[in-house]
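Can you read through this structure? Questions will come right after.
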């Protein structure tokens, strides 16, 4: 999985029928300083994540291993909202103190 | 999925039989400024997308999860035409006002 | 799929038995100017492509969705020989006038 | 597989139910000098690896080929703790003398 | 598949049980000048390859399509030892004259 931050949303009305009802979020990968400065991808939200949250997303066939993405043409899924990232003993991200 | 813009088409008569009848579009990835300036890939069109449209495409095995690409040697599929991209409250792309 | 140009061949006698009889071609990805200047990969030829031809190749599990690559340890397959690439109304590659 | 070093952990309480109980580690890829200076990914730990250890991780669908990741939305798994890396006759990494 | 050169080995005693007995080789990708100067990956050896040999390796789910890697958490497999690489009429690599 990769760490990313939800920076927006994508709306598409003309689409594969299997995508109906799925929320498509714009997610920017975090860089090695844990800042949203990397590649931007579009992921289906499986956990009720919202704008500004730091999340984990899975890619490829693993993105289809959730109830809502199973057998659908989806290659990125948000499968967790991150509470805390630590490296060594140091806190690098803490959702409870994050301004979003 | 990734955001891309349809910039052209590819014609190939000598090909795997399973590819017959599939439309192959040239898609350029959008960069983090939402401009068509990234890598160029070739995707099968599953939604009737056309020249100049901003689309979502799925890659890898997920690209085979549509009726027309199932069990075919296809690794990129256009599965949605994008209407609107917003980051925070700001509109970054709006199909209704896009010059194409 | 990605656009590439066949720039050579690879010969290997000591290999997985399932690879016997497959032609392995050296393919260089085209860049955004449609020149063979990108990464070099090795792909199995499923369509009788030859030296100097511009082709489409599929990667990953999609590369196994042909009769000759099914269930084999192959992750790139040439599945089409390209005749024409156009962007907007402009011809970017035309096999009939290509020097190869 | 890729070589990486465990540099931290990720905690997420709101997540896909299938992820319950899995330890999610922050892993930084080793560069060609075998230093933890590459991309940071999040991998599920399948072997009881700990902070500072050099590990092997598998990506994509292969990351689901363990008892704890089977059918789960996981695309990176730590499947080995590295003892020794040698290039030619030279030792490049030795766990027994590594400061962690 | 990609061209790589075997530059070393990896030893790991604490690992997924399914990996027992598999030889894990350090492989460096060849660049477009056919020199071992690219990314370093770890691949399971399926063909008895040795130090200094130029090989082909397959990645992703295709890496599991051999008898020894089937259903195992392996995402890179060496499936051929390269004898000859030619581009146009020119020999770029010849195992019989390679110093290793």
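Note that the chains are named A, B, C, D and E in the order they appear, and that numbering of residues resets to 1 at the start of each chain.
Going forward, a residue touches a chain if its C-beta (ideal position, glycine included) is under 8 Å from a C-beta of that chain, and two chains touch if they have at least 3 such contacts.
Everything numeric here is computed off the predicted structure, so don't read it as measured data.
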Copies chain C and chain D - rotation angle from C-alpha fit, nearest 5 degrees: 145
Separation of mean Cα positions, chain E and chain A [Å, integer]: 33
Centroid spacing, where centroids are CA-atom means, of chain D and chain E in whole angstrom: 21
Contacts with 2+ other chains: residues of chain A: 60-61, 63-64
Chain contact topology (line, ring, star, complete or other): ring
Direction chain E, origin chain D - full chain order round the ring: D, E, C, B, A
Complex contacts: residues of chain E adjacent to chain C: 1-3, 30, 32, 46-49, 56, 58-66, 77, 79-88, 92
For the chain C and chain E complex, residues of the former touching the latter: 7-16, 18-19, 24, 26, 28, 39-43, 51, 60-61, 63-64, 71-76
